[in-house]
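The structures considered in this document are given below.
Both complexes below contain chain A, partnered by chain B and then by chain C.
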Partner chain A sequence: MPSSTMPPNRVLLALALAALGLVWLLNLGVVQPNRIVSGTGYGLYGATGWGGAIIVSSLLLMVCVLAAKPVHKRFLGLAALLTAALMALPLLLEVFALRRLPSDSAYARIGIGAGFWCLAFFLALMLLEALGQIKASRRLQLSIVLLIVAGWWFCAGREGLSSLSLIREYTNRADQFSQALTVHLSLSLGAVAISAVLAFGLALAMVRREHWRRPLLGLVSFMQTIPSLALFGLLIAPLGALSAAFPVLQALGIRGIGWAPALLALIAYSLLPMVRNTYVALMEVPEAVVDAGRGMGMTEQQIFRQVKLPLALPVIIEGVRITTIQAIGLTAVAALIGAGGFGTFIFQGLGQAAMDLVLLGALPTVFLALAADAILSALRFQETSK
Partner chain B sequence: MRAWLAPVAWVVLLVALAALLPAMKPLFSWVQPGTNNVIYTRDSFYLLLQSHIWLVLMSATIGTLVAVSAGIFVTRPAGRDFLPLVSQIASIGQTVPPVAVLALAVPVMGFGEKPTLFALVLYGLLPILRNTLAGLGGINPAVLESARGMGMSSAQVLFKVELPLAGRVILAGIRTSVTINIATAAIGSTIGARTLGDPVIAGLVNGNTAYVLQGAVLIGLLALTTDSLFEAVEKVSGRAFLSSKQS
Partner chain C sequence: MIELKGVTRRFGDAVAVDDIDLTIETGEVCVLVGSSGCGKSTTLRMINRLLPRSSGDILVDGEDINKADPEALRLNMGYAIQSTGLFPHWTVARNIGVVPNLLKWPARKRDERVNELLTLLGLDPATDAIKYPHQLSGGQAQRVGVARALAGDPNILLMDEPFGALDAITRENLQQEMLRIQRQLNKTTVFVTHDIDEALKLATRIAVMDQGKIIQHDTPEAILRRPASAFVENLIGKGDRGLKLLALRTVGDLMERYPQPRKSEPCTDGLSEADSLRFALSVMVWQNSAELPVFNGAREEVGTVKREQLLQGGA
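== the complex of A and B ==
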C-alpha cells in the first residue's frame, strides 16, 4: 500500500489522548496506613516522579504520532510497543512503592488507583485496535495475552510489589485462595458437565418428539428468567427440609445452604443455553448430507455419530462456552449461600469494607471467565475450520 | 388487547403479594419456627419493590440511550472507524460476570445506590449495544439504497427505515439487559443499594429462612412480570413489523 493513501487512525488517536488526560487527572496509586483506612492518593507525577511521568506521557504521545503519521508497518510497531508497555505496567507500582511507602510502618501498604486501571484499560483497547488493524491471527493474539500475563506474574512475585495491598491480602490467605479456586472451578465446571449430559438427552428427545419442544424449551427458559439470588434463596427451604428428614443426605453434606443448592441452581441456569444450542445444532445439519450418508449405506447410528454430531459440534461448543462463562459468574454469587469460591472474598471484603479483598475475589472471577471464553472459542474455531 | 392479559395478571399478583406478605405470618412461622421475627420489617416490601424497579428502569433508560446512540454513531460514515473496536468491547465485556462489575464499582465509587446504578448501566448497555449493531448491520443494503434513491435524507433513512427495521432486535437486547439487571440489582443489596435483595441478604446473615423466602419470591415474581411485559410488547410490535427480517 502506498504510504500517502494511509489515513490517520482516529481510534488510536482518541484512545491515546483520553488515556493521557485520565492518567494525569486521576490518582495512580494510594498509600494506606493499614488495610481499612482509605489513605492518600498520588497522581502520576506524585507517584512516580519525573522519570515515570515522562516515560508514560511520551509513550502515549508516541502512539498519537504513529496513529497520525503514515509510517510503514506502523500498526505492527504499535502492537509491539503496546504489548511491551502492558507487560511492564506493574513496574509503575513498584516505583511508586519505592518512593512513597513509609519504611517505618509495618502495616502501611499501597493500593492501586483509578489512574492505573484506566491506563491499563486504555492500553488494552489500543492494543486490540492495533491487532485488528494488522489482522492478527488467533495464535498471535493468544501469545500476546500470555506474554502480558507472564509479565504481570513475574512483577507480582518481585520483592518491590510485596507491599501492594492486593498481594498482601493474597499472602495472608494463600491457602484459602487455592481452596477457593478449587471450589469455584469444581462447582462451575461440575454444573456445566452435568447439564451438558442432561441437555444432550433433552435435545435428543426434542429432535425425536417434536411436541416436546415447546414445553421443554419453555421450562428451561423459565428457569433462566428467575434471578440468581431468588433461586438460591428459594432452594434453601426445601433442601433444608429434605436434609432434616433424611439423615443420609445430611451425611453427604446436602443441606439448605452450601454446595448442594448452589450446584442445583447452576445446573438449572445452564440448561437453557445448552439445550437450545444442542437442539439447534442437531436440527441444522443439512438434510442433503444426511441423505448422502444413507445413500452410502450408513445405519442411523453411524449417521448420528459420524455425520450429525461432528457437524453439530461447533454450535454445541458455543453453548458450552456461554454456559461456562455464566456458571463462573453465578458461582461467585453462590458464595452468599455458603458455597465457597471466589465470591467468598468478594462478599467478605464488602462486609469489612476491605476493597483489596473484594479485588482478590473479583479479579480471579473475571480472569476465569475470560480464560474459559478464550479456550472454548479457540476450540470452536478449531472444530469449525476442520 | 389479549396480549396484555398475562402481564396485567402478573402485575396484580406481584402488587397483591407485596401487600399481603406481612399478613401471612402463620405460614412463615411454620417455615421458621422458634422466633417471633418472621416478617421482614426494616422496610416495607412496597418501598423495596419501588426502589428495585426504579434502579432497573433508570439503568435501562440510560443504557438504551447510550447504547443506541453509540450504535448509531459507529455505523455512520463519521464513526465507522470505531466500529470494530466497539463491537469487540460489546462482546468481550459480556464475558465479565455482572457480580464482578458490581463488586469492582465499590472501590471506585463507594457503597450505596450510586455504584449499583453505575454497574447496572455499564453492564446493561452491552447487550443493547451488541443488538443495535446486529440490527443496524443486518439490514439489506438494497433497502437503504432504495430509500436514498427515493430522495430520503440520511436522517430520514435512519429514523424511518433503519431504526424501525432494527427495532425488534434492539428490543430483544433491551429485554436481555433488563433480565440481567433485575438479578444484578438484587445482588446490589450487598453493596448498600435498597432492593428486594435486602430481605434475602438479611435472612442469609441471620439464618432466617422466612426473610429469604419473602425476598426471593418477590424478586422472582418481579422478573416473571417484567418478562411477560416484554413478551407482550414483542408480540404487539411484532405485528407491526411482520414483514421485517426475522431475528
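== the complex of A and C ==
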C-alpha cells in the first residue's frame, strides 16, 4: 500500500511522546512509612529499575513507530497492544512494592504517584484513538473495557499489591466498603427511579394541560438552582421537626439527618433533567404522525403506547442517563448529612489528610458513574437504531 | 354516499367552512379544489371527525357520523395526507398493516394484504417492505401513505393532497396509478388538491371552493365548459381551456374504427386508444401530419384519427 494513503497519525504520536516525557519526569510511586506521612517519591527508573523503565519506554516508542509508519493493520495492532498494556499496568506498582517497600515496618505502604496516573490516562487516550481509527463496534469497546477492569481486578487481588495504600485502606474497611456501595447505589438509583415516575407524571400533565407547563417547569428549575449543600442543609430542620412530631417517622428512620433528607434532595435535583427531557420528547413527536394515527382510527391510548412513547423513548432514556450520573455524584456529597455511601470515605479522608482514603471513595464513585453512562448510552443507542 | 348538509366550521371568529352542502355518490371521486386556506382540509377532516363541526349535518350512507364512535368511523375511512405521517419507528410493512392490525385481522390475511398493496402501488414486497420511512424517497413514501390508507379495505377514502410536494413526473405516475386503482376498487373518494389539472384528471365531479364556500360542484367537462363565476374561470385558466377539454377525452372516443383490426407494419408511428386527444393533437402538430393510425394494446391497427375531426369535434 502506498504510504501516501496512510499518513502518520499525529494524535497518537503526540500522546505517546507526552506520556514518555511525563512518565520519566514525574514520580511513579511513593513509599510512605505510615498512612499520614507524605513519604518519598520514586521516578520510573527508581521505582522499577532498568527492567521496568525499558519495558515502559519501549512500549511507548513502539506506539510512536506504529503511529508514524504505514504498517498494514497498524491500528488493530495498536489497540491490542494498548489493551494489554493497560491490563498489566498495576504490575508496575507490584514491582515497585517488591523493590522499595521496607520489609521491617508493618505500617509502611506504597502510594500511587502522578507518573502512574498520567501513564494510565495517556494509554487510555491512545486506546480510544486507535479504537476510533478501526471504527470499533460498541460491543468491542465494551469487551475491551471489561478486559481492562478484569486485569486490574486480578492484579489488585495479588499478594504483591497488598501493601498498596489504596488496598490497605480497603482491607481495613472491607465491610464498610460493601455497605457504602449498597447505600450509594440504593440512594442514587432509588432517587432516579422515584423521580422518573414523578417526572413522567409531571411531563404528562404538562403535555395534557398547556397552562401547567410554566409553573411546573419553573418549580423544578428553581430546585435545580439551590446549591446542593444548601439543599441538604435546608431539609434538616423541617424533617427533624416532622420526625420529632410523629414518632412513626422516627421508627422508619426518617430524621433531620441520614438517608431521608438525602433522598428528598436527590429527587429534587433529578426532577429537572427528567421532566424536561420527557416533556420535550413527547412534544416533539411530529403532529402529522399523530394526526395520521388518529385519522386511521387509533384510540388516544393506542397512539400514546404505540407511537408517542416509542418515539420519545430515546430522549427519555437520555434524561435518565444524565440524571443517574448526576445523582451518583451528588450522593457522595450527601455523606455530609450522614447519608452514608462513598462520600463517607472522601470526607473522612479529607479530615485525616489521608489521600488514599479519599481515593477509595472517589474512584468507585467515578466508576459507578461511568458504568451507568455506558449502560444507559447502550440502551439509548439500541432504542434509536430500532 | 357522503352527504354534507349546511356544514359550518368556525375557528374563533373566523369561518373556515361556511354552510356548505355537498353530496358524494358511492363509488365516485369528488375532488375539492381551491386556493390555499379556502377550507378544503377542514372539510375533509370534518368527515372523519378529526375536527368537530360547528353546525350542520354529515351523513354517511344515511347515518349521522356523530352516532358511531369516532374510531369505528375512521377505521372504515382510509386517510392519506401530504406529509404522509408514516410512523418513523415502524417498517413499511408494519405501517401499511396498521389498520388491519387495528381491525384484528389474522396475521396471514394481513401480510397477504400488505404484499398485495405493495405490488399494486409499484413497490417491491421483498426489498421495500422491510425499509424504514427515512429510507424511502418522497414518491415512495407517498405511495406507502396511499397503500396504508387502502389497507383496511375501507369503503371511503379521504386524501389530502396525497401527491403534493412531488416533482411533475412522479406526480403524473402516481395519478395514473390512482386512476387504475380507482377503476379496480371503486371507492367513494374525497380528494383534496389545489392543482386544477390533477382535479380534472382524477375527478368524477369537482367541487370548487373559495373562502369556505362551494362555488361550483360539477363534472370536469361541465366545469370547463360552463364555469360558474369569474373565480372558477380564472382557476381553470381561460387560455388553454380547449386543450384541457381535449385532455378529458381519449383517442378511443373519437377515432374512426376499422371493421376489423389490421396487422400493422412494424415501426409505424401512431397513437394508442388510451392516449388523450390533447396528446394526439400535440403529436400531429409536431409531426405535421393530418392523420394518424391508432393501435390497441396488442399493437394491431384498429382505426385512425384525423386532425380535422379533432379540431371540430374534440372539445
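One rule holds for everything that comes next: the second predicted complex is superposed on the first by the 381 of 386 C-alpha atoms of A that agree within 3 Å, B and C clash if a C-alpha of one lies under 4 Å from a C-alpha of the other, contacts with A are read in each partner's own complex, and residues count from 1 in each chain.
Keep in mind that, in the parts below, a residue touches a chain if its C-beta (ideal position, glycine included) is under 8 Å from a C-beta of that chain, and two chains touch if they have at least 3 such contacts.
Because the structure is predicted, anything quoted here is derived from the model rather than measured.
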| item | value |
| --- | --- |
| Chain B versus chain C as contact partner of A:237, first or second or both or neither | first |
| Partner chain in contact with A:311 - chain B first, chain C second, else both or neither | second |
| First, second, both or neither for A:128, with chain B first and chain C second | first |
| Partner chain in contact with A:172 - chain B first, chain C second, else both or neither | neither |
| Dominant toucher of chain A (residue count), chain B or chain C | B |
| Common interface residues of chain A - those touching chain B in one complex and chain C in the other | none |
| Of all residues in chain B, those that touch chain A in their complex | 31, 81-82, 84-85, 88-89, 92, 95-100, 103-104, 106-108, 111, 179, 182-183, 186-187, 190-191, 197, 200-201, 203-204, 209, 212-213, 215-217, 219-220, 223-224, 227 |
| Touching residues (chain side chain A, partner chain C) in the complex | 286, 288-299, 302, 306-307, 310-311, 386 |
| Complex interface listing, chain C residues touching chain A | 45, 48, 50, 71-75, 77-79, 81, 83-89, 98-99, 102, 145, 148-149, 152, 158 |
| Residue numbers on chain A that touch chain B, as the complex places them | 9-11, 114, 125, 128-129, 132, 225-234, 236-237, 240, 256-257, 325, 328-330, 332-333, 336-337, 343, 346-347, 349-350, 353, 355, 358-359, 361-363, 365-366, 369-370, 373 |
